Every structure is written in structure tokens, then in C-alpha cells.
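Scrolling down, you'll hit the structures one after another.
One chain, chain A, appears in both complexes that follow, with chain B as partner in the first and chain C in the second.
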Partner chain A sequence: MTLAGIYAEQKNNMKAIESRLEKALEAPHPILHEASMNLLRAGGKRIRPLLALISAQYGDPKRPEIIDSAATLELIHMASLVHDDVIDDSDLRRGKPTVKAQWDNRVAMYTGDFIFARAIELISGFDRPEAHRILSRVIRDLSLGEIDQIKELYNWKQNLRCYLLRIKRKTAILMALSCQLGALSSGCTLAVSRRLYYYGYFLGMSYQITDDILDFVGTEKQLGKPAGSDLRNGNVTLPTYYALQKNELHDRIVGILKSENPSEDDWKRVISLIKESGAIQASERLSDRYLQKAKNILDELPVKKATRSLMEIAEYVGKRRY
Partner chain B sequence: MTLAGIYAEQKNNMKAIESRLEKALEAPHPILHEASMNLLRAGGKRIRPLLALISAQYGDPKRPEIIDSAATLELIHMASLVHDDVIDDSDLRRGKPTVKAQWDNRVAMYTGDFIFARAIELISGFDRPEAHRILSRVIRDLSLGEIDQIKELYNWKQNLRCYLLRIKRKTAILMALSCQLGALSSGCTLAVSRRLYYYGYFLGMSYQITDDILDFVGTEKQLGKPAGSDLRNGNVTLPTYYALQKNELHDRIVGILKSENPSEDDWKRVISLIKESGAIQASERLSDRYLQKAKNILDELPVKKATRSLMEIAEYVGKRRY
Partner chain C sequence: MTVREEIESIYANLRRDLSHPYVSKYLPIPEIDKDKLLVYYYLFQKRSGKRTEVYVESLMVAEIGLSTHESMTTERLNGKKEIKKRQLTALSGDFYSALYYYYLSRKKDIEMVKWVAEAIQTFNVNKCLLFYPKHTLSWTQAVAALETIESALVAKIADRLGLKHWVPFLNAFFLGKKLVSEYELQAQNDSRSFLCNYLIESLTHDSVSFRERLEAEIKKTKARFFDSIRQAEENSGTLFELLPYLTEKMNAFCRLTVEEG
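Let's turn to the complex of A and B:
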């Protein structure tokens, strides 16, 4: 089964989620409506809902709350992206102007708050106390991740632990909880839902590291924004961290980063230094280690179609180049 | 028992809440830390924690989760104020510059998100599923209230229902849930906690209407910001609504409001028109009706000290002039 095949199989559910999202984002206020609809139309891979749907196959995949859970997860993800763009001062996402660039920080603030409110509104209808606990946790972690990001911007001395905690909060926990909540919504056993949590967590760590690698090695066309955007915005990700560990490179890189108003040539130089330092390969190795851990968890799950689909998703995350 | 007496009796609990707040707002990032500490030091009446503490006297007031609940409610309130100031473009609150005025909208966004994350973090530790449901609801309502506020800014044609829904979401629900959560945390009966919910709800409606009246009748010194700030920021509150109902006034008021760059004299004129229209008295009557409903609920509660304290708080809300 290919990834396209997995999406095709979930076509009806994905459509149901899409219309749930559209309904949730109907807004009475024109700017809010336009901003939300732009975000919706910008699409994205909807990987979190997909993980929830496949995890729900370990129980009864027909339960109606599965679609609501999946939509809630995507809404929380969307809300966090809008606020992240304010923190990172990002003007482009997937080649389109961000809310904060198209309007301003104020509009981005309330658009994020609105999408978030809609997510919470969907949650309020859930009867399961675990669902509330799980979603409280993800909301907490996403916000703490946002704060970590602010705190560590332009901090060229941060350690690996700090980076890993940040991507855990920013990405991995939401993927872990997508699997766990999908599973619990289907009524599957706690043991299975816990394993799925860890699968999603390791997958999410690998996914974010790959994202951070692609930010260096992707082309502007693939990325929809200039290469090295993270670095330009002061965000120290794994490749930068590894490059800064090399004494002979550290001072040269930090020299450029600390200079006032680096030119485009300066940026290209520092990006090349990082790319040629072996930092990309080291990052790939760490990403692969997380991916292997995700795959190992699958051995502990029942042999069934859903398990093969999760393996396919892991393969995709390992190979993706955009 | 006077209001001061009630606070004095709760002195130790209030101190415990204050230090819980201080601990929750310790931030690793200098701006975030300073912004949060300024908010904490600006104080305020801590009316929500007080309501939670008194409501907890209907059960076992010694349970440790009561303090955490009360602190969570105050954190949610603080977070919503910071984002509200961005929506309303307010530069002053209680005579001090707001976060968005002292820094900018970006800092206000992430400071609000941070305080909110800390609240959710405290919630995550709660074992009671009702607590999660209650807090999901208040978060949803506060965010929806924020959106209502944006939607209705500069809408001079809005109806009374719309205003009442907005203040319900913005203020009354949080007060209602402060009472309910305080009660539930103390392990009191569901019947009592439900009555306390309604007491808090009616009290909150009256409280916000009084706030909206004070914005017109208070002096700049009392308010810590210019009189008529709501109106100047495009926020149609109850006195404006009532004044606009009078045909002979409607066109004169809207004429000034719709003019480009009204002068300070224009503002003073429109504020006088509203104050002299009988709108303040009409607003006071509606506030009193809500307050009476709050007091009526107290008749259905056990005759005990806590009930007398809640009566005293209602009296205070009815009489407060700052």
C-alpha cells in the first residue's frame, strides 16, 4: 500500500473531516473568515487527522467521535501555526503569505485564538474525560513550545536537550496524541493506545528533524520560502546546532550571525558552511534513529492492515524531500 | 461582615493563591517575565479566586485542590485581559500601560499564550473530569467573547441580545464557573454547585454592566484611563445601546461616531449626550435586575456564613463606584 493508497482509502473520512473543519471555521467577521478560509484552502498533508483515522482502526472505526477528534487535532495544529508565524516573524508558509504578513500581528493573534476556540468547542462535546486530559496536555505543550521558541531565539549556545524538548512540544506531542486520541475514540484497549502514542511521538520527532533539515537543503520553490529561513529568523535547529559544535566553524558562523544586518551573501555563506559541515548527515542519522524507534513499536502491535499503513507512513516520513 | 472582613478572613488562602500565581508566572524569558510580573503586581480585586474560596465553604474548604482551582481561574482571567487589550487597542489598564502598549501586539500575544499555557498546566494535574469540562467551556466562551467583540466593534446597529451574549461570554461565565469549580473542588453536592453557578452568572452580568456604566460616569483618575474609552475604541456597551434607541439622539450620536477623526470635543459631546439620555439609569435598572436574581438564588442555599458572605459580595457589586 502506498501513501496515496492510504489517503484514497480514507477518502470519505477525510472529506468528512474537511467539511467539519470548514463548518468550524465559518466566521461572522469578514477578515476572520477570509484568514481562516485561506488557511483551510492552503491545505497541507492533514497528517494528524490521518494518524487519528488509522489509529482508530484498532477499535471500532465507525464511531462518530473519531471524525470530531481528528478535526479537533487539525484545528489545534492550525491555530498553533498562526501564532508561530508571529513568534518567528514568518512572512511565507507553503508559498503563501502568512496571516501576520497579509494583515498584521493583531489579526494573527485573534485568528489563532478563534481557531483555537473552535477546537475547544468541539472538545467540549466529548464525553470522555481522557480526551479532555489529552487535549489539555497538547494545548499546554504547544504553548510551552511557543515560549521555548521565543526564549531560545538567537541563542547560539543552546544544547541538544533544549532543541529536542522544543520539537517534542512543538510537533511530536501533537502527533503522539493524534494517534492516542484516534485510538481511544475507537474504543480500543489502553495498551494499544499507549503503543500508538509512542509510535506517534517517535514519528513526530523524526518528522520535525526532517523539516528542519529540509529548511536548509530544499530549494525556495520546494519550501515556499527562502532556504535557511529558520536560521534567518534566529531559530537554532538541529543542523545549526551540529555545525556550531565544530570548533573551527563555530566562530566563523557566529561571527556572521552576530553581525548587524547580514547581507544575502552572508546568509548564503553561513548556510553553505552549515551544509558542508556534515551537520545535515548527523541530523539525518538522529532522524533515522527516531524513525527506527517508531517502526520498532509497530512490532508490538497486532499484525493487521492498520499496522502496515503506519509502517508506510513511517517510510514516507523517512524519505520525504519536500 | 464587610467585604474587607471577607478578604481578611481569607487572608491565608489569598496569600497561598498569590504565591501559586507568582510561581506559575516565573518565566525563563526576560520580556515575558517582566510582562507577567507587571500584570501580577497590578493586582486587581482577585474577585474570581474569592468567589471560588467562598463557594468551597459549602463542602470541605481544606481540600488542597481548591487553591489550584482558584489560581487557574485567575490565570485564565489574566490571559484574556492581555489579549482583550490587543483587540480593543487599549493602552491603559488600571492606570498602567498595557502589555501591548508597553511592548507591542506580538509580545501581548505570546504573554497571553504563556499565561494561558500555565493555567492549562495547572488544570492538567486535576483528577476530576468535570473540572476539565468546566474549564474547556470557559476557555471556549472567553475566546468566542473575544471574537464577538471584534465582530461587533463599530457596529452601531447591534441589538441587546448580542450585547448580553458578549458580556456573558466575556465575564459572567468565568464568574459562574469560579463559583461552580470552587464548590466542586470542595466536594459539595451537585445541587449546591449548580445554584452557585447561577449566583455567579447573575453576579457577573451585573458586574460587567456596572463596569460598562463606570466607563462613562467614572473620572479618568478613578478609571485609570479616559472616560468613554469603550466608545472611543468602537465598543458598543449597554449605555450606548440604550442611547441609540432614542430616535432624536440616534442620528446625532452616530453622526459624531462616524465622522473621521473625531476631536476630543466631539468625544466629550457624544459622551454627554449618552449620559444625559437616561441610558445610564436604564443600564443601572438592568444591572439591578441581575443582581436581584443573584440574591434570590442565595435564598435557596443553606443558611450559613458563606451565604452571608456571598450576599455581601452582591451588595458590593451593586454599590461599587470604581
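Let's turn to the complex of A and C:
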């Protein structure tokens, strides 16, 4: 089955999630309402809700709390995006003005906090203490991961472990949680939900590494922001890390990065150096290794349609180009 | 443990939980509102009479998360250090807000999680109402929004814990406290007084000065506070532990400004 086929199969559930999101984002203030609705309309792949829906197939997929759990995950993701745009000082997301650009940083703070509170309110109807314990830990770790990212900005000497821990907290744990929460909402066994957690975790690691590769190889049109944006913001991602390991390139790259005000030509030069260093291929290899780990977990799950769908999602993550 | 020791222990725990080693390099440890801490302590004492540390800490970190985001600046920044401070303001606020859910889910009190989440929504809606109104707010509307903001969380919790008769005097107390703080900032021409800046602008064509209005509002709020205290005492004679503290504080606020100013 193709990814499009998986979405088609989940069409009714995805529609239910969209409608739950729309209801959750209704706000009794015009700016708050418009800011939230703009985020909803900007769309996105809704990969987290999709993972939750498929994981729920290992239990009873008709339980009503599955839709609430899936919508909660997307709301948490949305709230974090609004605040991320303040942190990164981004004016555009998916080619559209960000909340902070359309209004200001304060509105972005209020909107993100409002959406986050809506997410918590929505999931509070889920009567399973284990799920809340896991979700609350992940939310706490997400913010700690973001603080770590700020801490490591412009640190050209950081090691691989530091990068991996950062992307784990930034992306992988929310994907892992999506699978686990979907499974727990469906009432499936703890053993299966734990395996699904690890599938989501390895998938998320591969997903973020791919994102970091695309930041170098994608076009501005595909990315909705200039190529090399992470690097321009001082964020050392995997391709930069690998390029910096090459002695013959290290000083040239760091020299440019440390200069007072790098010109656009400087940025193009440093991006080229990284792209031509073999760092992209090395990053792809590590991404593939995580993907393979995700696929291996699937061997431990019951052979059923959901397992095939998760395999398809893993294939998609491996091939995605934007 | 005496009440004082318990409060000090909660305060120390909060200081520990709020001090992230990296964030502390750039931002001061957030201020802990001792009045709110004490009110939460007595609210939960009234509820269960048992040890209430986790509840008080959870509510306080939620309050601190919200007030941390209040210090978010809007102007364009160029300096790396200033940018980092702004980034950490957003992220540390998120971290503190995450902690209340983390603590309460370990207590398995998801109903309380829901109340806090609802109160946070009320807070943010009223912030937008006050600072981004569709039409210019009247003085009365602005003060009403400010009152909701200042006690959004504490009033919600009091109400849900079955202490509805506490809500009027808590509202008046925290509004009074905020108005006095705005009065002091305005007297010093301190630009941090966002409220003053906003209200002065909206009252430009008013014959009564901003300062006079604020003084009158503080007096009115003080009277309302004592009135609601009397009513609360009629409903429940069990407020005596908290009352002397709050009344003394309210009197002190007002002595500092209106009556001596």
C-alpha cells in the first residue's frame, strides 16, 4: 500500500481529527482565533496523528479517545511551532506569514500557550494515568531539548552524541509518543505499545536527520525558507557535524562561520563545502540505519495491515525529498 | 512541621525546580509570588488538610510559566545576547508550564490538570482582550480584564475546590496588588509598565489623569476587598489563618501609595 493509500484508508478518521482540531482552536478573541485557524489551514502532513491512528489498530480502533489523543498530539506540535517561530525569528512558515510576523511576539506567546492549554484540556478526558505520565514527561523533555538546542548554537566543537540527544528531544520522542499514545488509547497491551514507541523513536530520528539533510539540498521553494537556514542560525546539524570532522575542511568552514557578518556568497560557499564533503551521504547512511532499526521493530509486531502501513511510512520517510 | 516551615520548604523546592543551569546564566530565577504561594497553601489545606506541597508547587510553576511569557519583548533585536535572552524567555516559560502537568500527572490528579488548562486559556484570552482589543476598552472594561488575568488561575482553583466564597476577595486582593505595582512603576516612569502605557494612551482625551484614576481604583478595590472578606467570613468562619496576612498586606499596599502618596 502507498502512503496516499494509507491516508485514503484513514480518511474518515483524519476528517474527524481535523474537525476536533477546528473545535479545539475556536477562541473567543478574534486575533487568537484567526492566528489559530491560520495554523490549522496551513495544513501539514499530520504525520503524528496518522501514526497514532495506525498504532491504535493494534487494539480496539473504534475507541473514541483515539481521535482525542491524535488531535492532542497535533495541537502540541502546532503550539511548539508558534513558539519556535519566535525563537528562530522566522517570518515565514510553509510560505505563509508566521503568527509573530503577522502580529507580534506577544500574540505568538499567547497563541502558543492557548493552543497548548487546549491540548491538555482535550487529553484530560483520557482516563489512563500511564498515558498522562508519559505525555507530560515528553512535553517537559521537548522544552528541555529546545533549551539544549539554544545552548549548543554556534558550538562548532559539539560531538555526535550531543546532536543525537537534541534531535531525540526535538522530534523523535513526539513521534514515539504518537505511536505509544495511539496504542494506549486503543487499549492494546503495554508490550505492543512499548514496541510501537521504539518504532516511532527510530522513525523520528531518521525523519529529523532527513530534515537536516533537506535543509542543505532542498530549494528555497521546497523548504519555504532559504537553504542552509539551520547553519545560518548557528545550529550545527548532522551534515555540518560530519563536514567539520574533516581536517582539511574544518578550518575553512569555521573561519567563515566565525566571521563577523558573513555575506550571501560566504554562506553559499560554506554550504557548497559541506555538500561536496561527503557529509550528506554520511548523514543519509545514519538516517538509513535508524530507519532500518524502525523496520526491525516491525518484525516483532503482529503481522497485520497496520504493520504493513507502518512499513510504508518508514519507506516514505526514507525517500522523502521535502 | 509548622506552617512557616512548610511554606519555606515549598519555596526552596520551587527555587530548585526553577533554576535551570543554562537558563540561569542569562535570565534571573523567576520571581516567586509569596502571596500566591500562601493562598494556594491554604486553599489546598482547606481541601484536604493533608500535605499539599505538590499541588502548591504545580500551581505556582503554572503561574510562573505565564508570567515568564509576559516579559516577552516585541522589538527587533540584533545583539546575540539579547536574542538569546528572548529565546530563553520563550523556552523557560514553556518549561515551567510543562512542569505543572508533569507534577500533577504523577499525583494522578487529571481533574486538576484540566482546571489549570482551562484557567490558562482564560488568562490568554483576557490578555488578548486587554492588549489587542477589537475596539478601545473603557477604563472599567480594562480593569475587569486585568482582574481576570491577575487571578485567573487562583480563582478557578478556589472555585473548583468548593471555596467559591474566597473568589471575590482573592480577585480584589490580586487586582489591588497589580494596580499598586502599576502605580509605582508609573510614578517612576518605568517603561515596564505596559499597562500604564496602554491605558494612558487610551485615556489621552480624558479630563481625569491616569494617576488619579489609578488612585481611585485602588481605593475602590481595597473597599471591595474588605467587603468581600466580611461576606466570606459570614459564609465560613475558617479563614482566620489567611485573613490577618492578606488584610495586613492590602493595608500595606495602600499605605505605600494612595494614602501616603
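Quick notes
By our rule, the second predicted complex is superposed on the first by the 322 of 322 C-alpha atoms of A that agree within 3 Å, B and C clash if a C-alpha of one lies under 4 Å from a C-alpha of the other, contacts with A are read in each partner's own complex, and residues count from 1 in each chain.
In this section, contacts are C-beta pairs under 8 Å (C-beta built on N, C-alpha and C of every residue); 3 or more make two chains touch, one makes a residue touch a chain.
For clarity, every value in this text was computed on a predicted model and none was experimentally measured.
With both structures placed on the common chain, the touch criterion links A:Gly43 to neither chain B nor chain C. In the superposed pair of complexes, A:Asp113 makes contact with chain B and with chain C alike.
Looking at the shared chain after the overlay, A:Trp103 reaches chain C, while chain B stays out of its contact range. Counting the residues of chain A touched by each of chain B and chain C gives the higher count for C.
After overlaying the two complexes on the shared chain, residue contacts for A:Pro302 are found with neither chain B nor chain C. Once the two complexes are laid over each other on the shared chain, residue contacts for A:Pro64 go to neither chain B nor chain C. Residue overlap on chain A between its contacts with chain B in one complex and with chain C in the other: 27-29, 32, 83, 86-87, 104-106, 109-110, 112-114, 116-117, 120-121, 124, 129, 132-133, 135-137, 139-140, 142-144, 146-147, 150-151.
Taken together, the chain A residues at the contact with chain C in this complex read 27-32, 80, 83, 86-87, 89, 103-107, 109-114, 116-118, 120-121, 124-127, 129, 132-133, 135-137, 139-140, 142-144, 146-148, 150-151, 153.
Residues of chain B touching chain A in their complex: 27-29, 32, 83, 86-87, 104-106, 108-110, 112-114, 116-117, 120-121, 123-124, 129, 132-133, 135-137, 139-140, 142-144, 146-147, 150-151. Within the complex, the chain C residues that touch chain A are 20, 22-23, 65-66, 69, 72-74, 83-84, 86-88, 90-95, 97-99, 101-102, 104-106, 108, 110-111, 113-114, 116-118, 120-121, 123-125, 127-129, 131-132, 134.
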